[in-house]
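Here chain A shows up in two complexes: once beside chain B, once beside chain C.
On to the complex of A and B.
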């Protein structure tokens, strides 16, 4: 076997896939940990060496599948700045909490300038350990985030480049602002090609 | 007198940073503040805030600046004690500073400020007040800088999928409500026996360290309770009531874990420098110091001559206290602080719980000393740090574990196959667990909201009683050698003794006659 064949490589596509997977588990974990949907509608799975609760509501599953497929495609072209998960009061539409996943492109091994040929030799195990630490922090946020004491819903907003085409059944929206917001930045992880910062913005209770 | 008051006020106003360096007020002051704020201060507070908004004179304003919000937040996050390094895994509560774009944020805010100042100069400065940053303005600037960081002008667009996710059903109430709302204890149907729900005795425990990750209380087979208060370790003889001070550490050092040997008067102390000390308490003499950890030792467990220590660096070390080379094995199964450590009642397994939400079960080496280097089971169902661990006295393969605030569950495991037997939501952080030896029951210690001890029937997990009295979370629990009394240490600086497992005189008589009968018939005994 040649040295090249054994080398562990992550391409931009692979990086996008890792991040989309993180978003899937991260968003589900937030939905459960923040008590937005009834606990009975979740079931546990094993991922990153953790027990993560995933929604089994078919509508939520379908929504996340569609959104994350599109996210992965755009990520593979480095067209996304930020993915925001917004939690709103279902009745008043007031934004209560916003989880920002900021994407920063990185050069990986930096052997080429062509973005489609960039690779990263970061070990998958190491990336997953970094993701695991973020996931743990997400579940620990329960201790300081305010109680969401109303019927809530959530939405995912994707901040893309202006050059991005709008696919069918997608539309442009405005940014979500929270009155009297407090932001807490959690740990970051990096695939070598993308660095993802996770930030939670929440409304301070007066 | 009045001019002295005035001088004091001036002084306190001049030393702007005085409050921070002075540290938290002493206990008596806090109590006085608590008492007085509820009575007469309430009335005057609204007046004060009005005067603050309108006129900016007087000596108090510096202490009433918006720092307040930050303060309350700090209180919520449990800061670990001083002198401790963050382990490799890091602390989950502290956000990653390296990724906070301080330079960019500072630049953007500065830029905005300069721009607005320039504008004001052009406007020929209408008033002095506009130069000051009002909170609302600062808020606006923060929003601006935030959005600028993401969207540099018009180069981005925000897209969302139009088939939205559904809202939660109308009947849904947030299950987290139990964490936030104070409920009066639910009246629990006491089962077949009478359990006194008030404490038998209350002892004062000043300066007990309020840290979820430490183990500062133990009760020996010789009926001596040891407890660490501040930087000293005390021994309290439960039979005679005699109190002795075992050791007082230097300022800044303190004990982090205390554990009695199964029989005799040897006490192991894990301290904040990472060493494990052995003390002979009959002579008040230190026997040896065993090092090996790079951070504080917060959990200890004895297995005859072997003492296992769990540390903030995530490692567990088995020390053979007889040998010169005391280090038998170093187990690296946790990535963050180990805060729970218990050998099973038959000493075949060691259970460890950590801040990484894991419970590891280690199997003892057959015919050897210590355990294997790889955990037998890694139990990762808990959603928060696991400190409360307890092995069932009558089923040696059953382990009970309790999770912290984000988890609140008591889980039962069969360690023979690593399967989850049962899980019960206790609705409050689980600080400690103990099994009764006299009854098929276990007791759990909790924090917010009721700070209670709960007695559960096993295996039905029906609540038998709730023992309330602590006014702050219960940190620690230990069982008396005769198994009848539980001692609990609370963050309210009290130790409380609960006589909740006292053997019923009726059943005691019955069981003694039953034992006599069983002795007569060897045949029946073997069937049972």
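On to the complex of A and C.
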């Protein structure tokens, strides 16, 4: 963890880094748990005291790396409302599942008003424990989420402020809607500067 | 070292001696003077100190002497005493100084002692170490000596061995030399013997050479003999050959004789045959005649046959005609019956016509038709009239219905009007009642007004008379009582009305409204109205609240679901995301699969068509389904048939060969089928040349045409007589055979 945790103090950038890392592991875990890519393309790593399976596919790795770098940058400026991981049917393009990671800015220690100098004195260990709980819940969702019995693919959509500049190779798109959806909110964690809610929306199987 | 040790021992002994004395300890270093050169300074010092002490002693002695002297002498003068005191002090100082010196020297001595002790111990250690070393070296030395001794002994042994070996080798050398000598002697002996033998051999060789020359001469003589014999053998062979030739000629002659005998025998046979043939030839004219007769017979028979055929045809024709006739007859009968029937019918028709036609008119089908047409027209007219009547009746009915409806409406209207009238009547009654009430009220008010006016008129003149006041009061009371009665009446009437109104059904609310207690009603209705309004408003409020809650829930749900504020936020994603890629892949896959489907469809169609064709073909060929079993079966059959055919072919071939041979043997002609199908080459058994053959061709009318060949050109006479004259091929051929046979026999004979 390279979050700037000197003197037990997290800056906005560090918080963004923690969240980006959570997103990386979370999205990979979802990809594995939901069986969007074959299990043999994953390898296990240890993180947050859990064994998490990460994709070995270079394309996915590259994609996630780029997306998360951009996410981190925007998070550092508090420009993101939420990050959605959308699982769609590859043939019909129907949205089957939508994992929303909602970002809510927090004031941290509240010692200063300047947003770039906000700090949080929350212990990294505590944050990681909270993230671990969320990760466990993500793994547990498999028990009640409907079976994805078709070829699926995923996309990561970031809900940013209107004022946000879109870099090259990024496009504006529409929100993902699920017909006859059911939503389940998982635990949330907070870095002191960001509170992240994880919500899964899925299509009710008729 | 031992010297050092001994000197050290000595020093220590001295030191111990000195310790045992009470006198101050001191070390004498006399013995060390050899080893320690620098130690010479200390004795010197010692001596110096000793000398100092001596001096001090001397001085003290002097002083004591002086004191002694002074005590002995007369009392000294003060100056002297002073001087003596000073001396004394001086002496004391010197004593203390000397004492200090002594102490210093003691210290020095102690230091040197310790130093020496340490040195001694070091030296002792060194001495021990060196003694040990020496001992080791001595041991080593002994060991080396032992080794040396052993080595010397070894050396001696080795030398003795060497000498022994030397002796051995020398003896061997001597032996070898002796052997060499012996061998040399042997060699000489051998050489000698060899020379002797060589001489012998030379002599032997000469002898052999002589013998060789002799044998050569003999050989030459034998050769000459052999040549003679060879020439004799050649002569003999020639003779043999001649003999054989003669024998062969003899055999040939015998054979020739036999052949000739056989020919003679066959000639006899031939003679008989010729006789027979000549007889047969003589009988030929008779046979010709017979033939002629038979031919005419044949012709006659053929004619008869033709006549017979004609007759048969005629018979057949007649039969068919007869059959037809019979059919016609039966038809005729049926027709007659029909005719009768028709005539009867016609009669009936005529009767009908007579019945229907006008009596003065001629009875005819035309008239009947005209009549019928007339009737039909009439009928048509009637039908049209009937239709019009029916439509009219329908319209009438509808009108009637209309009228009925109207009538009903009117009756309803009338009822309504009646009801309205009743209502109006009631209304009128009520209005009258009201009028009455109002008039009563008006009267009341008028009375009241009058009373007030009276009061006023009473109060105005201001004539306070008791009686008048009493009267006034009385009148007032009366009036008030009257008004009270009026009010009571009014009240009663109102109550009555109320009752009536209550008893009346609510069918006529307008009447109620317009009743006397309109204001009350209006109030009540207003209240009701307000109440209702309130209720509705409350309901609406509740409804709206519920709706609001629902919407809030939905909003929350939507918020949870991922709905968001489009104005505030926008959604962005990477252009190159896995989803897009997957979509593209899926699209490509679908396209590919569709192409594949198209391809397969086409293929399928093609296959189906092919299948149909094959099916059709199969259906044509006796509906054989192409089963493998059947194919195999058929194959087996085919094979068996083929083998059968082969066998048959062989059989036929052999049969035909046999047949041909038999024909050849019987008729003397070989018939070959040449080239195209209908050409036949005929060569006789007795032909002189293989090129002598005849050619025939079978034409379309199954007749044989003779084709010209080089050989046929030579047979003109025969052709003319047999073919042209007799028109018979067999005769021609047999004539030819006979001719050739005779020629052959002639040549042979």
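As a working rule, the second predicted complex is superposed on the first by the 200 of 206 C-alpha atoms of A that agree within 3 Å, B and C clash if a C-alpha of one lies under 4 Å from a C-alpha of the other, contacts with A are read in each partner's own complex, and residues count from 1 in each chain.
Here is the rule we use: a contact is a pair of C-beta atoms (placed from the backbone, for glycine too) under 8 Å apart; a residue touches a chain by one contact, two chains touch by 3 or more.
Keep in mind that what you see is a predicted model, and the values were worked out from it rather than measured.
Enquirer: After the match on chain A, would you call chain B and chain C a fit or a clash?
Expert: clash
Enquirer: Could you look at A:143 and tell me whether it touches chain B, chain C, both or neither (first, second, both, neither)?
Expert: So A:143 only meets chain B here.
Enquirer: Let me test your reading of the model: by the given contact rule, A:60 touches which partner, first (chain B), second (chain C), both or neither?
Expert: both
Enquirer: Scan A:204 for contacts with chain B and chain C and give back first, second, both or neither.
Expert: first
Enquirer: So, does A:173 touch the first partner chain B, the second partner chain C, both, or neither?
Expert: Touch partners of A:173: chain B and chain C.
Enquirer: Is A:98 touching the first partner chain B, the second partner chain C, both, or neither of them?
Expert: second
Enquirer: Mind working out whether A:185 is in touch with chain B, chain C, both or neither, as first, second, both or neither?
Expert: both
Enquirer: Between chain B and chain C, whom does A:49 touch in the aligned arrangement: first, second, both, or neither?
Expert: first
Enquirer: Does chain A have more residues touched by chain B or by chain C?
Expert: Partner touching more chain A residues in the overlay: B.
Enquirer: Which parts of chain A are touched by chain B and by chain C alike?
Expert: The answer is residues 59-60, 63, 66-67, 81-82, 90, 151, 153-162, 164, 166, 169-175, 177, 181, 183, 185 of chain A.
Enquirer: For chain B, which residues count as touching chain A in their complex?
Expert: 69, 73, 76-77, 89-90, 92-93, 95-96, 98-100, 139, 143, 146-147, 150-151, 154-170, 172, 174-177, 179-180, 356-357, 378, 380-384, 405-406
Enquirer: Within the complex, which stretch of chain A touches chain C?
Expert: Residue list for chain A touching chain C: 59-60, 63, 66-67, 81-82, 84, 86, 88, 90-91, 93, 98, 100, 151, 153-162, 164, 166, 169-178, 181, 183, 185, 199, 201.
Enquirer: Where on chain C does chain A make contact in their complex?
Expert: Interface residues on chain C, with respect to chain A: 557, 560-564, 567-583, 585-586, 590.
Enquirer: So in the complex, which bits of chain A are touching chain B?
Expert: 33-39, 44, 46, 49-51, 57, 59-60, 62-64, 66-67, 70, 81-82, 90, 102, 133, 136-137, 139-140, 142-144, 147-149, 151-162, 164, 166, 169-175, 177, 180-188, 195, 197, 204
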